[in-house]
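In what comes next, chain A is part of two complexes: it sits with chain B in the first one and with chain C in the second one.
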Partner chain A sequence: MNDFLFYVIASAVALLSLLAVTLPNLLHGAIALVGSFFATAAIYIMLQMEFLALAQIALYVGGIVVFMLIIILLTNDLGVDNSLSRVSAGRQVGKGVIIAGFITALCLFFTSNPSLLLRTTEHRAAPVSIDEIGIRLLSTSNGFIVPFEVVSLLLLAALIGAVVLSRRENKKEEKP
Partner chain B sequence: MMSSYAELYPVNNFIGDIVRSIFPEPAAAIINGLLALLSLMALVGSLGAVLIFLERKVSAHFQLRFGPMRVGPHGLLQPLADGIKAIFKEIIKPAGADTFIFFLAPLLPVSAAFLVLAVIPFDHHLQVADPAGGVLYVLGVSGLSILGILLAGWASNNKYSLLGAMRSGAQMVSFEISIALLMLLIVMLSGTASLRGIVLAQQGTIFDWWIFKLPFLGILAFIMYLVASTAELNRTPFDIAEAESELTGGFATEYSGISFAMFFLGEFVNMFVAACLVTTFFLGGFHAPLFGLPVIDPLLNLIPGFLWFFAKAFLIVFLYMWFRWTFPRVRVDQLMYLEWRIMLPASLILLMLSGLFVAQGWVG
Partner chain C sequence: MKLLLPDILLVLLAALIMGYDLYKGKVNLTSTVPFHFAWLGLCAIFVVLLRLPYDQTALYPGGYLVTGTSLLFKQVFVLSALFTVLLSGSYFTPGGNKRGTLRHRSEFLTIILLCTFGMFTVVSATDLLTLFIGIELSAIPLYILSGFYKEDALSLEASTKYMMMGAISTGLMLFGLSFLYGAAGSVTFEALAKFCTANPDEPLLRLGVLFVLAAIGFKLTVFPFHMWAPDVYDGAPTPVTAFISVSSKAVAVAFLLALLYGPLAALHSQLQPVILILAAATMTVGNLGALKQERLRRFMAYSSIAQAGYIIMALAGDAGLGRSSVIFYLFVYAAANYAIFFILAAIGRDGDEQRSGLQGLGKNNPVLAAVLMLTAFSLAGIPPLAGFMGKFFLFAAAAKQGYYAMVVFAALNSTISLYYYLLLVKEAYIIEPQVARKPLMLDGVQFISLFLLTAAMLIAGILPSISDNIMAVAG
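And now, the complex of A and B:
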């Protein structure tokens, strides 16, 4: 049951990702991308990584895709007529085949020599609760407090920058 | 997978126990899950009818009219008649519209509402799933309704629709920041991001609800959350996305028949979902409003929790409707000014002050 579901979801991820990059209409591609994000979240839930799945949905579907859509809607040319020429399409396919072959070879190598890489992951990872993640992020010993603070400073700067940029210029009105 | 789903979120109420006593374990988990989904679907369908009837009646009485009176006693069957009419109307797709997206878009707001309803704790054991990061889930999934509106506006191949969609996208994305910050405040106070945990953190009398427990700041946060969620719902006074007088209906201009009805349903069920979230975060969810009095409290506790929950949620829904018939529509720039120059700094300050209150132990 578990394996069967995994294959269904994994093939959905593969298919939707493929659609996202091959569909000529950008907006259709974006919708396929949303689908693939959801399917990826489903895989995270199967691995019992609930927080990762929720973050995936909240960040990608709720945030990034919406901004992508706004950008796409503001572009005039949706790329409907911009299909690749046969030569360059062939090149892209060739690159894809080479990369796929390389990754398959890597997987085969590591599955036949499990002592090299897979030892850390061969035990099923214990599910990490959202509380543990929060405590670990903010703890001063053995935690991630410094990167957390740096990131929050960066985000604050971005937020203030956005407010400053969108502020109305009052200089011209003051002249008369 | 089904077995681990059942381990994570077992259906603990008496229906779940009955199903488990009849069927063996793997089948029982599947049947329980299906039953939960079916009951959610029934809830969404019946809520749509109830809320549309309420909106028409409330708006009519605000304007000293009767509203629908002919179909059934006091017009009670009017939603049914409206629904049948919408189903039999023709769906007209404008020339040059993108067929796939045009028909996909109306489904997204309803599915967002449906997905959020799955984590709402209606009663102690009346909740489809209780993920530990429930608040995060709510924030993420509600992005689907923005997606639906944006796609509808673009796919209609109409300038009014696109303008409405862009306005509404900008508005919903902006106000989601305030909503997220206020949710964060509640998560900080409750010490958990699970919706059930948030309700359980407000156990006790009425003064243990977050709206009253946090001195002064609670009621302020409640009002700000109401304003931000009204804007997120695209309801008057923030309905610049539809703006009948300027944009002839915004993103829904080109929709007719059942696909328009889906937008309508999504809008109303989303309003109920927002009211449910307000109830969960500020009004103690399914807890009865106890006052610490000896005789009245046991009587109030006799009423089942889900009735309290629905009573509180419909009170908030009534507030939303009241807003609609009280305030005039704001302009686009006023709306953006409200969010970025007033609500955002205010919610940040509120968050910091509440952090101070929690750290000093002044809560409650």
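And now, the complex of A and C:
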């Protein structure tokens, strides 16, 4: 039953992601993306990763996609116009051949060198509680305090950059 | 805490410059005080770095590792940031550049410093997460800096293109790192190394390495991931181009060194052929591409693609030789590249940064022409200069593993590169200018910087003590 459910959700994720990048109307694409994010969250819940599922819904569905929808609706033509360029059939076939070849190569590689990890079932990770994540994130031993702190500098740099790039220049201001 | 001093000082310097701007920025937007803060501070950090003990290793809480090798890399990053700051001087002064005057100097300097801190993090990381955040902190600011000419379409194109390519490479890297994490069950280098030694044939591991190599290939402009480089180098403001060509490349190499000789050491013998093929293809593509370039920034892009090929060739060598030869070459490469970019800044004051801008240099300004010649020879690897020693060590690292055919191939490639570096010299000495143009002039900062860089190229080529010291620390 569990396996069956997984395959249903996984194929839903694949289908919705495919729709998100192929639909000519950007608005429809964004809505397909919402569905794909929800289905991903469902997979996380199946794996008992509640925190990830929550973050997925809060950040991606709640934040990023709504943001994208607003941008699409505010920029006039993008939402209605069929503005994605059409690719010729020959190129589509070419791309398909390359991707199929790549996937076949991967499959061959994995069947000739079966992974040790996929065969053993006892490697399954234990469910992680939100408390544990918080403690690991800030603990100095066996934790992630360094990346946690460095991320703040990354955000600072990105923030400064965003302000500089998006600021309207006032030419008069610079005259000494 | 002594070994952590450069990192702390760097963040404090960034905060100081930003803070000064918040306090005084509204009053005087063209103030040069942040500029003086930045170069003085970076000089001070470099002095601190030189005075630290290189034979000690310290692991700080949270897994921040400082070793002699990482301190050497930090020297490269600090010097590179210092010369970028000095180079940017004339681009922020009105009339300093024909393309336009850059604005928001203190934001520019803060972003450069934070970016350099990201590079510090990469060489000090002991887990995949820190490594990833570090490499992102050293990449994302560069997308912003490339777009600093806000009214220039080329600059905006460069920024957008760089960001797209960077996003793809980040995606690939996360994918690869998650495979490595999935295989080892932990993000620490220690656990990953243990797993690699126990199961070197695990396919998930190879898949992870494949993706990580592809991702870092983007940053290092390795063939076939190099196509963004010419456009970005050409569009970005020249100081940013210089910073991308030196620091961004150095941090990508540091990242590869950290993984290949650290946790993935057990896979190194399997990866050697891959590295050599990538190196051979990269140097050939770079050299052939550079032959026809008229625009100097684009020319430097292809030249630096070729140089990346020589650098990764050394990664096929053993840990000691690989590390020390790469670090020595990075110093040499940085000195030569910055010298070229300072000359570019002089050309760019009154004209386009094209090769024809060099015409008549031999007559008008013989000293600058001589510096250009020395730099071109150093980049090509002509004996008495540092470039020769650098290339010699890189080739020796590969030769020691028995890859003689590869060394011959690289030497042939080096000969091709000599042709196009000599084109620069020919332009400066032989070709008569078609139209009368103003003789190239250097301002004080440019003069002193070029003097230091030229001295470094000569001294590192002649005195063996510098390369010996690096060998002793990293070897």
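Everything that follows uses one rule, which is that the second predicted complex is superposed on the first by the 117 of 176 C-alpha atoms of A that agree within 3 Å, B and C clash if a C-alpha of one lies under 4 Å from a C-alpha of the other, contacts with A are read in each partner's own complex, and residues count from 1 in each chain.
Everything that follows uses one rule, which is that a residue touches a chain if its C-beta (ideal position, glycine included) is under 8 Å from a C-beta of that chain, and two chains touch if they have at least 3 such contacts.
Note that the structure is predicted; figures quoted are calculated from it, not measured.
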Touched partner set for A:I57, first chain B, second chain C, both or neither: first
A:F144 touches, of chain B and chain C: first, second, both or neither? second
Partner chain in contact with A:L165 - chain B first, chain C second, else both or neither: second
Partner chain(s) touched by A:L73 [first = chain B, second = chain C, both, neither]: first
Chain B versus chain C as contact partner of A:A12, first or second or both or neither: neither
Which superposed partner A:F110 touches (first chain B, second chain C, both, neither): second
Chain B versus chain C as contact partner of A:V34, first or second or both or neither: first
Partner chain in contact with A:L154 - chain B first, chain C second, else both or neither: second
Interface residues of chain A shared between complexes with chain B and chain C: 162-163
Of all residues in chain B, those that touch chain A in their complex: 1-4, 26, 98, 100-101, 104, 131-133, 136-137, 139-144, 146-147, 150-151, 153-154, 162, 165-166, 169-170, 173, 176, 192-193, 336, 340-341, 344
Residues of chain A defined as touching chain C within the complex: 109-110, 113-117, 123, 125, 140-141, 143-147, 150-151, 153-154, 156-158, 160-165, 169, 173-174, 176
Partner chain B, residues of chain A touching it in the complex: 1-2, 5, 25, 27-28, 31, 34, 46, 48, 50-51, 54-55, 57-59, 61-63, 65-67, 69-70, 73-74, 129-131, 159, 162-163, 166
Chain C residues touching chain A - in the complex, by the definition given at the top: 11, 18, 28-30, 61-64, 103-104, 107, 110-111, 114-115, 117-118, 121, 125, 127, 129-130, 132-134, 136-137, 140-141, 143-145, 147-148, 150, 182-183, 185, 199, 201-204
